[in-house]
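What follows is a set of structures to go through.
There are two complexes below, and they share subunit A, which is joined by subunit B in the first and by subunit C in the second.
Up next, the complex of A and B:
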């Protein structure tokens, strides 16, 4: 399952990662080699195997009952790279407006 | 008691000494840092963050309890309110969480003290601890070799004597493989038995907090203190955890599976010899060997590197330069802020896995790639269930090789992934696993075996580890420097 340079660009865009042009070939080759290896799964008999996202069965897990505990605004903002007036600061979302 | 003696003590003996007033909690905690063990840290680099002030404060608050004054190294992906928690990534450099992980909180409540934050592969992605943004940890038994990974720092620290216990995380073998490479006991509990609250998520359906110790009894004690339901972790099991107080109960009558087809090729002869030794010891202690063939590990590798990367690509989406972590100043709009911050903050291996996981989940490949892997995961789980209908435990290698050299697998991601071939299955199936040292290989490098058990089989694993420990100490009696535990010979 060989991955091409364009495919790496597309995936990187989805993942919000910037890949330098000169790295595209190396990354394409690395991803292809792992996916080739994963092709082994085609040889595995999967009859009767429903997709399993969690083991053990979810029934053994506790009911989802959050206890209401949460951080204060100060705690939540304490490690933010940029914050202002009790909010996280981000660059302008709509073009032509100042932050 | 002096620092010269204290740092050698098992956790249980150290806590007893503190409670009896034979030493203070601060002396117990400082012993690893001020005593002979301190010489090792400069060469080994097991610790990413340490803070004498935080240690002293922790010791001051911990004069009693079953772990009174016992230092515990905590992997740098478990949140600690008094130490940075960075996952050894530039992305989180300098980050200090406002809260403790549940396991850390329980550790402190029992009297334990955080000794330092253990070095690790960035975001726990790696098998050698070479992918830490703070530089690699080295194997204390041979500084030219890796300690395993991703919890290489905690494993090495326990091996050289900084602390008798450590906490790590095991998503695909990240506790068991470094424990094997460093000659200590490493337990990955049943999925859901140790809370994941405060463990920075890598692959949520596979991540499990694990325990390192020099002695099976110490590991049993820490497991008993930490395991159990946690209202803050929706994936923690609601029922009471297995009782491990019988960790010294022996293995009389126990049946251990012997899937020898797994090591017929691709496994170093020294590793196979270690397996034979462990099997012979277990048999002499009254256990019975049950040979059968098992699903080859290649399928677990293929499944794991699709499932784990898919989950990682989703979990790591939270690092966007807005709420915490690295923020690139050149991000002039929101899209550029995300992209530049993530590209500068994440290292090469983390980016590789995010890309692979994004591919597995992307339109057009989701069914063919991700769903196939999830179906294979069901098949693997079934394979273990079938094995445990025939035996109580499975005995197999923890890793196909002895500790490898620094740099040996850095440029070949697939070769690095294959070093986890024997450990990945337990995470996919959710079952507990443990690696336990046997006698060292020729040349003195640590050698270990892996034991796997059914859901909630922790007590059986610890009993077998204890049986191997007892035999191991006998086998080592002619090596006076290894009587207490396998003490590294500096090269």
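Up next, the complex of A and C:
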């Protein structure tokens, strides 16, 4: 399945990635080969196979108990590009405009 | 051309659990910023989410109460978007296989409810909380607290079944009552525990096809829902009636200034790229879990209101008022078990609710002070005409701040209820002796003069007599005189 340059632009936009014009063809080819690789699964005859079943429900659910494994604010904020007064500092959350 | 509005609601219900949806951080409100966070809820690499059992059980409880179909195997999905309050750049939610589907919520008084159909109810996680933009010099930024990120939420989506803003407000009030009734959420809209977005479109009245819809976000009070929708409907109506078109958009409503603002227009509509959350197994609700949830459901508010009507002979309105809170309905029924049922309803609705309102207290706090049997004891004495209404209200006032039963309170305050005829008969005769002219008028058939004499006896009893009893004593006395019997002598004075 061939991915087109426009699709690469769109996917990059959704993922907030900056892709240079000269990279588009290479990435389109790479994404296409990834999809082709996954597409091989479609050729398998899976009739009668149950979908992958995960752990039993008892193990899958967590008891409603705080587990005391929180980070400290210092630890959490150490990962932030910027912090202030215990808060993460982020680009301004957009306000609305008149309709 | 007349247009009608078509409205659908999306409500977010913050669940009352101890921990978050997929990690062991406390879900409490009001901790210092960014202290209830961990690798899972911050989306750090390698962290593995696990769903909170209590959140799943709460979802089942609400789903069953609403009559939803419960999906035995539901799937968590990632919804991708970039926003500063989302630490992972995706939200774990449910998409094409939600836990609950269909169902409806009855809204309105007992017997006259209208059911509003639902589309779905699913589990997801909350976002962090961002401040309004702060400006410092030439920079603008927001501050984010991730304590709320990952707190369990239920999203409830209705069908586009509403036509009027007032219906939406009533729906939201009924939903708030239900989540509190079931104990799944505190449902406080001011604290963001219950939030509401609305989809609104207008179409020519009677048309089947839907018009272009806008999404109205952050309607965070019942008043905000009603007024925001009214504002948006008015805006769309003006556009359409002026020959214009409505553009797809997401708007926010500021209830303080009654103002709509565009947050996004169609050009940047989101593509959320949903896919199944690879870190979480299919959520499997086995029969035993479902049965346990069903068995744990309390009698639902609308069923209970109907029962109060049938069992105690209350009006639909009164039953609905009493079923506004589960604890209030419990209190009423405990009271009605020991006293006249309708009189108990009056007392709970007028006196108890008045006190709750004046003291801004909860029914639980009130019941700790005045248990239902204690109030019931007072109401029973009123019903038996042993204590007149005005005195009973005084006793009720004492009950709020003092210990003791009705008789103890009366004794402590030096008041004797003049309920019994033997107490009141001397007063009746005294009044008859003092008002010979009035007596003659009553004997001539004036019922208004009888009222006057009742008032005189009440005055002499300093409000402690039961008016019913006084009236009956007077009537007996007049019947005797009309039959020609000679009046017994009054204890003091007399004709």
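Here is the rule we use: the second predicted complex is superposed on the first by the 78 of 99 C-alpha atoms of A that agree within 3 Å, B and C clash if a C-alpha of one lies under 4 Å from a C-alpha of the other, contacts with A are read in each partner's own complex, and residues count from 1 in each chain.
Please note the rule applied: a residue touches a chain if its C-beta (ideal position, glycine included) is under 8 Å from a C-beta of that chain, and two chains touch if they have at least 3 such contacts.
This structure is a prediction, so every number in the text was calculated from the model and none was measured.
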{"item": "Subunit B versus subunit C as contact partner of A:27, first or second or both or neither", "value": "first"}
{"item": "Touching partner for A:40 - first (subunit B), second (subunit C), both, neither", "value": "first"}
{"item": "More subunit A residues in contact [subunit B versus subunit C]", "value": "B"}
{"item": "Partner chain(s) touched by A:84 [first = subunit B, second = subunit C, both, neither]", "value": "second"}
{"item": "Partner chain in contact with A:18 - subunit B first, subunit C second, else both or neither", "value": "first"}
{"item": "Partner chain in contact with A:93 - subunit B first, subunit C second, else both or neither", "value": "both"}
{"item": "Partner chain in contact with A:68 - subunit B first, subunit C second, else both or neither", "value": "second"}
{"item": "Touching partner for A:2 - first (subunit B), second (subunit C), both, neither", "value": "neither"}
{"item": "Subunit B and subunit C contact sites that coincide on subunit A, given as residue numbers", "value": "14, 16, 53-56, 60-65, 67, 69, 71, 76, 79, 82, 88, 90-93, 95"}
{"item": "Subunit B residues touching subunit A - in the complex, by the definition given at the top", "value": "95-99, 190-192, 205, 229, 231-232, 234-239, 298-299, 301-303, 305-306, 313, 317, 320-327, 331-340, 342-343, 346, 351-352, 354-356, 358-359, 362, 369, 371-379, 381-382, 413-414, 417, 428-430, 455"}
{"item": "Interfacial residue positions of subunit A with respect to subunit C in the complex", "value": "14, 16, 53-57, 60-73, 76-77, 79, 82, 84-99"}
{"item": "List of subunit A residues in touch with subunit B within their complex", "value": "3, 7-8, 11-12, 14-19, 27, 30-31, 33-35, 37-42, 44-46, 49-56, 60-65, 67, 69, 71, 75-76, 78-82, 88, 90-93, 95"}
{"item": "Contact footprint of subunit A on subunit C as seen in their complex", "value": "17-19, 22-26, 32-39, 42, 44, 50-56, 80, 82-85, 128, 130-134, 140-146, 235, 249, 251-252, 260-263, 271, 273, 280-286, 289"}
